[in-house]
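Naming follows writing order (A, B, C and D), and every chain is counted from residue 1.
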Amino acid sequence: MTVEAEAEAAIPADPHHIPEGADYITHEHGLKSWLTTVDHKRIGVMYLISILLAFFAGGVFALILRTELLTPGKTIMEADTYNEMFTLHGAIMVFLFIIPSIPAALGNFFLPIMIGAKDVAFPKLNLASLYIYWIGAIFTLIAIVAGHIDTGWTFYTPYSMRGDNSAVWMTIGVFILGFSSILTGLNFIATVHKMRSPGMHWRRLPLFIWGIYATAVIQVLATPVLAITLLLLATEKIVGIGIFDPALGGDPVLFQHFFWFYSHPAVYIMILPGMAIVSEVIACFSRRKVFGYMFIAMSSVALALLGFLVWGHHMFVSGQSEYATMVFSALTFLVAIPSGVKIFNWLATLYQGSISLESPMLYSLAFIALFTIGGLTGLFLGTLSTDIHLHDTYFVVAHFHYVMVGGTVFGFLSGLHYWWPKITGRLYDERWARVAFVLVFIGFNVTFFSQFILGSRGMPRRYYSYLDQFQPLHMTSSGGAYIIGVGFVVMAIMFAKSLKSGAKAGRNPWGSAGYEWPHPHNFAEQPVFTRGPYDYHLATERELFTGTDEEWDAHMAKKGEA
Amino acid sequence: MSTEAHGDSHFLQHHYDTPAQQFNAAKLGMWLFLAQELLFFGGLFVAYGVFRSWYPQAWVVGSHLLDYRMGALNTAVLLLSSFTAVMAVRSAQTGNQKATGNFLLATIALAGVFMVVKYFEYAHKFEVGFLPGSHFAPHGVGLAEIVEAARESGVNGVPYHLRTFFGLYFVMTGVHGLHVLIGMFVMGWMWNRNRKGEFSTRYSTPVEMTALYWHLVDIIWIFLFPLLYLID
Amino acid sequence: MNQFSQLPPQMSTFAPDVDWMYLFLFWLSVASFVAIVAVMVYFVFKYRRRPGVEAVPTGHGNTALELAWTFLPLIVLAFLFHEGFRVYVQESVPPENTVDIHVTGKQWSWEFTHSNGITETNEAKIPVHTPVRLIMSSSDVLHSFFVPDFRIKRDVVPGMYTTLWFEATALSTPERPVRVFCAEYCGALQGSTNGNDRNTNHSTMMADLHIIPQEEYATFLREGGGPPAECADAVDVNVCWGQYIYAHNGCSACHEINGEAGGHGPNWMGVFGEEIALEGGGSVTADDAYIKRSILDPSADVVSGFGNIMPPYRLRDQEIDAVIAFMRSLNAQ
Amino acid sequence: MTTEPLASHSPSSPDDGEVHHHVASARRHVIVLLALLGFTALTVGAYTINLGEWNLVAAVVISTLKAALVVWFFMELKDDVAFNRLVFLGAVIFIGLFMAYTMNDTRHRNRVDAYNGARVDPRSGEFAGGTAAGIVAQGGELGPLPVIAAESDGEAAHE
């Protein structure tokens, strides 16, 4: 053995090396190669599958709920079963789907690529986060199977002090899921700070990265408070330490402070990544750098920080002091500013662009319209006099679904359609994608706009039964939910067909100037960035070419002839 | 991509270019982790603040039921352990493998002393019924202690919310104690890695990160001690 | 305007102010939404991708424009905060000389105790054109006292008192009382089978406020309540009154009166005067004294086979006598 | 920095990709330790001489100083990059926010309306429903001092 060979052998194989001609999916085979991988792309894909499963489960619960609400009184189940169903719908959608959705799945896949890094800063920790997520999910499943968890996803005391111990299982599950979120956020911050390639300075950072970065800040600073809250809750339930339970001299309103100190910023964990995707997609499909780049980037950071100051608006009628209510109301309005800045800048980006309307762009434009409704109805809830009437009614339900579904889920779908060819290497059927979009868009508005009207008429939320006068609107809402369901089935079939028999995608099917596109996987060599991610006028013809490599060769050959 | 750096730096992971990049990333990651630890404990301090302001008498009497001499002893022990931890880091940075191991062992030993003192404190409280919340049932010596503590603090009666004080006392010191145990475990691991010669002047990152964590555990106690033991 | 905005009828002095704010926000939102979507659709159409037409590079943005749309909305937002807070302060500070009513929320009923000591369950007499203050607490979990017609809401929290005040502006009719909802989730009995009835779970935890003339309320405070008007012609007023209490005070949620098994509490038919076994051993005769005790302090002697789930009910002696008369009448059937 | 002489800088160039520690002298660490122990003694001393209201302030100020010493010297934030300092400071600020806003509520719950948030109905002296039965039974926040005669029974039962 030569000295060189010996030295070679001593170095462990580079887990990031992908041989020529293979891709990240095919270069290794078998379940074990996936479960032990530290490749951020594979981890991202595993997250993607996991959250889609959670989304499916949460969606099924939603349809069951809407079916029950077709008629007042019993339709298909008893009151206590209904209460379990909406608890599971909320908890699964919030903790298992929407919080990890964009950051952990798409963020993991694209963050290192977009900044020219080989991987995130701590790849093993990244894999550990995924396992922690799975363990948390298992505990949540135990809670579902073990019994009767009907506290709502907010676990308000003293109601959560009663009943069996399945609430403790759920609490432990969410506690564990929280650490997955914290570690992912920590990893991303370190990655953005320390792993950027030369030329990738802060003013060139793709807006997707800015959004994920702002999200990560909240994940690290807010989630531990959820952890301690749940720890105290579980301790209270098992031992009775007397902090939240009034029967022991504790304060149930204090629990709400603890809970919302995390859960309000968590709303921004959910929405900021959606906004980040919209910024990418709008730039790509307008062929234009995002207008007011720095303002959009800074508005993400501003939202992340302001998100910490307004949690008390969930407690305007809780019995907290009037003084606190005043301060929280005033601060709440400030949140409207950065949200508005984003919307205005997106509109300005469209101006003088070259706009095409493929499915990712449709979802992003729908995001703008729906998020506008979500944001404007937020004004009703920030304004004290109207909030008193609308608090805890269907108006609130509609408002947050407009933000979380019309916003985050539409943003997520936009990103999923946009990056699908990059992740899977295949194209999907654009016509069916548009059919699914139209169904989901119409179904969504039918479902939730009727809930605004229900709420302003005084229909409280979390109601199993209701007065007869509300029935027409409830039936409309349920009808809309079924349309959404059909839309998602169409979309699932469309994506499944793409996986099975979709045409091979080129390197850059949308002709984007983004950094993540022109290379088959991560950058083969460490890149030196010389232009911004949206500088279409500086990108080369090769970078923007939408076809496959073979088509490019043919294209060049033709050019040579000419 | 400096392949020559990879050649003789087995500690350098493949996705990093230089040892400095790897070190800086690790350090930032650790500080972020400590930030979340702070927020985690922060919640407990908020609960403490709320109930102390609501039930001042319970807090004064409760504090008098804790032995401040034991608390002070433990404070000194933890401060000393922070010193040995920082000396372990220094030894690792200067390549003194033997001293690194010894200082790590000293830190573990001091952490052990802390836990033993804690054990005696807990044992006494369990004995006399100073238990959290719904289990609060002082008897025997405990009753006499309460009478004495109430007299010392000028409170005329037994505050109902003593149980809340002990609820928070056990949660705060318990969560802190758990962190001490985890710290002992991690330092034992570091001691073993040091014994195997994994650290050098070029690479002592894990020891440094462990020490950062240990200092944070110390800082939490620096606040817990006066807030729990020293209330008048 | 109101039918367009879908708000409930205005029954309190707060309602016009709240509705004004609601409609202001509504039209502000409509205008903003239409403007944003119109601009978006116009741009999408005008700058649609056409061969040979390239996008114009963005350049360095426009700082003046950015600052304008960052700070100009602040003016509107400050106005919104101010108006909302102004009304909120009115709602928070009751005037002097209110009529006070104590409200207790419990799973799943509302108890109203008037200043004469009379307690009404799931319904309450409220004087019109009079500032009324509710002093509220809960005996178990969180509830929220929500009256859409008054535009008021406040959580009812165990372990502390919260208050609400309002002034009703019109009389209610028996057909359409002012409805109270519980707006804070408070659960349902596990394995509940009669979730469609009143007062068995969060969604049916309702009460009716009867807005009556001031003189009528004054009479009520002075002379107290007797059997309901519908029992005036009954053969046995007490039995009728007892049945009324059974139906309106939440007894029917758990107690059947048909002699069949089922329900969360003992069946009332044929129970009076019987020797019944108790949970944890022993037995007792279900006489007047036992029935009274089990209404006022249900956890004292729980009937064997049933959980200790019944909350105490604050009924007056005459009302308890009526309930006993009703139970006795069930034996005769 | 006045502490500069205590630290020895690594002489090699900063951009060779290697880690360059500021290895502090053992003497500095000893001085910091002694300061920390001194502050602890001071805290205990302040406790034994009663400062009344100022006890809490003294305890928190001294603790903060001690924590600052640990963070600045032992954890070497002194020589660390600005962003790591920001991370630490940010965490502390957010704890402060959390505490300030929460206590803004809990300390002011009955300012606007005397009834609002009061744990005891001031007119009837009655405790709000759902509170510990024990508080009601004992007639208030303070129960009677226990009778010491029970002591011997308790001891016997325990041994």
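The rule is simple: a residue touches a chain if its C-beta (ideal position, glycine included) is under 8 Å from a C-beta of that chain, and two chains touch if they have at least 3 such contacts.
Everything numeric in this text was worked out from a predicted model, so none of it was measured.
Visitor: If you tally the C-beta contacts, which comes out ahead, A-C or C-D?
Guide: A-C
Visitor: Could you put a whole-Å number on the gap between the CA centroids of subunit B and subunit C?
Guide: The mean C-alpha positions of subunit B and subunit C differ by 48 Å.
Visitor: Give, as an integer number of Å, the spacing between the C-alpha centres of subunit B and subunit A.
Guide: 35
Visitor: What is the distance in Å between the mean C-alpha positions of subunit C and subunit D?
Guide: The computed centroid separation for subunit C versus subunit D comes out at 43 Å.
Visitor: I need the residues of subunit C touching at least two other chains; which ones are they?
Guide: 89, 92, 140, 157-160, 162
Visitor: Give the residues of subunit A that touch two or more other chains, as numbers and ranges in rising order.
Guide: 158, 193, 221, 225, 246-251, 253-254, 257, 261, 319, 322
Visitor: Residues of subunit B touching 2+ other chains?
Guide: 17, 21, 24, 28, 32, 35-36, 38-39, 42-43, 46, 50, 55, 160-161 - these are the residues of subunit B that touch more than one other chain.
Visitor: Taking all chains into account, which pairs touch?
Guide: A-B, A-C, A-D, B-D, C-D
Visitor: Could you list, by residue number, the parts of subunit D that touch subunit C in their complex?
Guide: 109, 112-113, 115-119, 121, 128-131
Visitor: Could you please specify the touching residues of subunit B with respect to subunit D in the complex?
Guide: Spelled out, the residues of subunit B in touch with subunit D are 2, 5, 17-21, 23-24, 27-28, 31-32, 34-36, 38-39, 42-43, 45-46, 49-50, 53-55, 57, 68, 72, 75-76, 79-80, 82-83, 85-87, 90, 93-94, 127, 138-144, 146-147, 150, 155-161, 202-205, 211-212, 215-216, 218-219, 222-223, 225-227, 230-232.
Visitor: Within the complex, which stretch of subunit A touches subunit D?
Guide: 158, 193, 221, 225, 246-249, 251, 253-254, 257, 261, 308-309, 311-312, 319-324, 327-328
Visitor: For the complex, give me every residue of subunit D touching subunit B.
Guide: Those residues of subunit D that touch subunit B are 17-21, 23-24, 26, 29-30, 32-33, 36-37, 40, 43-44, 46-47, 50-52, 55-56, 59-60, 62-63, 66-67, 70-71, 74-75, 80-81, 83-84, 87-88, 90-92, 94-95, 98-99, 102-103, 106-107, 132, 134-135, 138, 140-148, 150-151, 154-155, 157-158.
Visitor: For a test of understanding, state which residues of subunit C touch subunit D in their complex under the given definition.
Guide: Subunit C reaches subunit D through residues 89, 92-94, 104, 106, 135, 137-140, 157-163.
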